[in-house]
Amino acid sequence: MNFSQFSVDKLGREVDTVFLALPHGVSMNYVPELLQIGIQVVDLSADYRLKDPSLYKRWYDLEHPHPDLLKQAVYGLPELHGEELSGAKLIASPGCNATATILALAPLMGWREGDRFISDVKVGSSEGGAKPSEGSHHPERQNAIRPYETEGHRHEAEAEQELSRLAGREVKVSIIPHAVSSIRGALASVHSWVSNVEEVEVWKRFAEFYRGKPFIRIVRRGFHPYPDPKYVIGSNYADLGFALDSRLGRLTTFGAIDNMMKGAAGQAVQAFNLSRGFQENEGLKIPPLRPG
Amino acid sequence: MNFSQFSVDKLGREVDTVFLALPHGVSMNYVPELLQIGIQVVDLSADYRLKDPSLYKRWYDLEHPHPDLLKQAVYGLPELHGEELSGAKLIASPGCNATATILALAPLMGWREGDRFISDVKVGSSEGGAKPSEGSHHPERQNAIRPYETEGHRHEAEAEQELSRLAGREVKVSIIPHAVSSIRGALASVHSWVSNVEEVEVWKRFAEFYRGKPFIRIVRRGFHPYPDPKYVIGSNYADLGFALDSRLGRLTTFGAIDNMMKGAAGQAVQAFNLSRGFQENEGLKIPPLRPG
Amino acid sequence: MNFSQFSVDKLGREVDTVFLALPHGVSMNYVPELLQIGIQVVDLSADYRLKDPSLYKRWYDLEHPHPDLLKQAVYGLPELHGEELSGAKLIASPGCNATATILALAPLMGWREGDRFISDVKVGSSEGGAKPSEGSHHPERQNAIRPYETEGHRHEAEAEQELSRLAGREVKVSIIPHAVSSIRGALASVHSWVSNVEEVEVWKRFAEFYRGKPFIRIVRRGFHPYPDPKYVIGSNYADLGFALDSRLGRLTTFGAIDNMMKGAAGQAVQAFNLSRGFQENEGLKIPPLRPG
Amino acid sequence: MNFSQFSVDKLGREVDTVFLALPHGVSMNYVPELLQIGIQVVDLSADYRLKDPSLYKRWYDLEHPHPDLLKQAVYGLPELHGEELSGAKLIASPGCNATATILALAPLMGWREGDRFISDVKVGSSEGGAKPSEGSHHPERQNAIRPYETEGHRHEAEAEQELSRLAGREVKVSIIPHAVSSIRGALASVHSWVSNVEEVEVWKRFAEFYRGKPFIRIVRRGFHPYPDPKYVIGSNYADLGFALDSRLGRLTTFGAIDNMMKGAAGQAVQAFNLSRGFQENEGLKIPPLRPG
């Protein structure tokens, strides 16, 4: 492949940045040459998300051909890596279920006990991609409440990497997605057992942790007191919240996103903005569709 | 109120049985007189589900006026109380989320470690009842993935009663429902942490526990390897299954029902059949709607 | 192909009847031999629906290989061909959009002016069949209000044949289907211009025309005064009704069916019942799913 | 009521324009005083849409209290009244079903035979407004294909006014809406009988009629060759197209809009922009949600 094709666009303008939306295992091979000819890469695949090369063998059954570049790559979750993103040449944009899970859990890291979590995710049909299949056939897909990839969901690897880093110790998270009837939207309900936690503390912790983050909204009280992806559809917002069952000590933290925006293209743009010193919400001033 | 009105129907035929579909706290008062005039009662409310009268104070904020009748009532889950139902005069038909949760958990009781569980339930809009509200208004309800009653869900009381009885020790379960876009259907994904469990053992345990139960289908392997309420809609089936994340030891057992059938009217008829010695599936030979 | 395979089923029992659900142009070739070895055929394809062989050339671009059998075949719409079905050896089961259109229009034939009609049909996704495609991919199909086959819809041929026969003169109907978000259900809204017609006359005409037909329900007045396929889902009912815009003289007659039942399998069984002298509703005593 | 409250907003800034979203019959009374104190009014109700005062009696059963203002009001459909809107002080923003119907029919006016039309409209649930009702209750509304207001739909009055004006003779249109499962979107399929019309002429006519109109897209050929509201959701676009059944001479023209945008708020902003000399798409550069 001749990568110089990427250096000018169809109108002959010089290209500075490429957003790669290729399958896992394919981006891997394009990235080095793009970087070499001076092009910034925002990679939407998983190929540069993990820091430890051995994890690619374990989770993706691939020998990573460029382990050195893994160190250079910045995990493109702007709420956690805002500073590192500044000037980044290689941005590894996070997976959708990982985004919802990490955002819902991050404030708990380094704060409270708990080193394993269950992220029960509910997702719309667009998470399945653009290719028709038996499972996406409308008469089969509509009205489904269908668990899938119930063991070894690959987004666990990146979620554990990011959460362990924040916690300063090994944290484990088991992600179990369920396909539901919407087109867009993902809600992670992340469950854990806690003791001696008060609601007000959790609220305070979330508010402090995400202070000043333009795409985070903490949802609490009101007509719908918990995050629901319905209210972020079309936008780059992540709505976060929690529910504490104090009788039994079940803490559930919620992350609601539009999987096509904060879970994919929107977040990639947000990270790109930070990498270049643009306003974080440049090109992302789209309000949620309401009702939608 | 003159209860003798119940003793003959509109065509003047003698009435043997009344199915009561009244709000909680209302059935309570009608039941004793109905029993007294010799009428069997299948009560779809929660009013006679709990054995311990003090639990009504705690969960329903009510002083139960007829604590003596609680002993006489049979909890109308035929898979657990088949024999007791024979000849029962007062049947307390279970709640929908409790049914899905109990059926998914029952085989684990008295078998393995684990005394607290998280039941993350996904439900269709018909669970909200027949009365319109802001939350059920179509533009608000469609596409929702909305957590609700996240703390102190009342079905926990009956689920814990039944599961503790089976386990022979105190078992706790935290139920957290989420409204999703379907009209009918409830899926309980019941999570717990286990160790040293093999998939095949769980399968064997489920198969043995429910052997010969006509409305239980164990779902495993095949195109959709996990239960999905979509495939029971319109029928009285409960599809059960499980997923073991062996890396982390997360065991999820699933219970999928049509909340209007196995979660309500269908189960009431099933229990009634057993109480009278009819075929268990009499009046319930309705196949699931496919595709539906 | 060895057709004797059809003469016994898998359990070795003699087969009397075969329901053929094959693509158009395929059934065509199987039917003659099946009849020859004494097997009754209920054909769900279009292959024996039309009486005039030249119409196969025009509408299906096929030379019909067995034009003689077309005379023998009975169009399997029991409300119009009840008597002929008795003893029928070859039943050509109607198309779904044709069924909804014909049932909505039949009472007007031979009664009032009008010889051309527009049948604006709204259909669920199951009408598209079981095979996934780009058009049936859930993210593309859900929320669609999508016109298709807007010119020369093949069900026009059978609808015109049946309606012209009833009217005793040439009647034309233009069918234009629209894919909407349901899985099941088809509503034909059949429009025409009339003058000097009173609502009560239309009502009387419908009631008389379908008197005693067990699967026809005339819908008028009440909470929902017009037919809606939602209320027949899962059943073999056809709900019929009408709306007269007396200011302009627009008469719309409605036919609402479950396309999988009255529009396909259910109607085939209904016709079969009549052919054998069984109760018309044998095997079809399934109530509509409510709410569904 | 003290109308001077309208002259400054909550931050004390002078108000130039008020967008009124009040029920029919209420706006009526507020408008005159607002105009008198120099405030421009964009009225989203029907109160100033009709030119002939007697039509208010007939269609809304109201004596219009300010018939003189009807002359001054500009019907806020920018594609037809772009020039008049410039400087308009009172803009009467069109109804949603009227918008879809008029846009689909306007190019035929003054061009071809035809003076009565049937507009068979399919609409999402948000057309019913924000107030919950039995008809909007999710278990009742989802999966519905429900005709309503089948006679005397009030948008006929404004559609006939606008179309007759364009045609230079009296034109009649019968609008019959059907509630389908989407939240947003309205598709008008407007049927009429024609003769001697070629597809290419219709296409040319549409293209010429709407040349340079930024929110009109003529849909023809391609994967989906007809307008579908799904592809305008969230945007102010109106997708227009047509289908000619040349065998029978049925011409159907289509108008697809998002009823909340081009059918309501978006169109009001578009008209306002023109009234003030702003770019027509100012504040309306929102792309359709895809997939949505």
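Per-chain numbering from 1; labels A, B, C and D assigned in written order.
Methods note: contacts are C-beta pairs under 8 Å (C-beta built on N, C-alpha and C of every residue); 3 or more make two chains touch, one makes a residue touch a chain.
What you see is a predicted model, and the numbers here were worked out from it, not measured in a lab.
The minimal number of chain-to-chain contact steps leading from chain B to chain C is 1.
Counting every residue number used by either copy at the chain C-chain D contact, over half are found in both chains. A count of contacting C-beta pairs for A-D and for B-D identifies B-D as the more extensively joined pair.
Taking each chain's centre as the mean of its C-alpha atoms, the one that lies farthest from the centre of chain B is D. Per-chain CA centroids place chain B at a distance of 49 Å from chain D. One simple way to say how far apart two chains are is to compare their mean CA positions; for chain C and chain D this gives 36 Å.
Measuring from the averaged C-alpha position of chain A to that of chain D gives a distance of 40 Å. Contact with two or more other chains is made by residues 124, 126, 134, 139, 143, 181, 183-184, 233, 291-292 of chain C. Residues 124-126, 128, 130-134, 136-139, 141-143, 181, 183 of chain B are the ones that touch chain D when the two sit in their complex. Here chain D touches chain C in the complex through residues 116, 118, 120, 122, 124, 134, 139-140, 143-148, 150-152, 172, 174, 176, 178, 180-185, 187, 189, 191, 193, 223-224, 226-230, 233, 243-248, 250, 252, 254, 256, 291-292, going by the rule given at the top.
On the chain A side of its complex with chain D, the touching residues are 126, 183-184, 233-234, 286, 289, 291-292.
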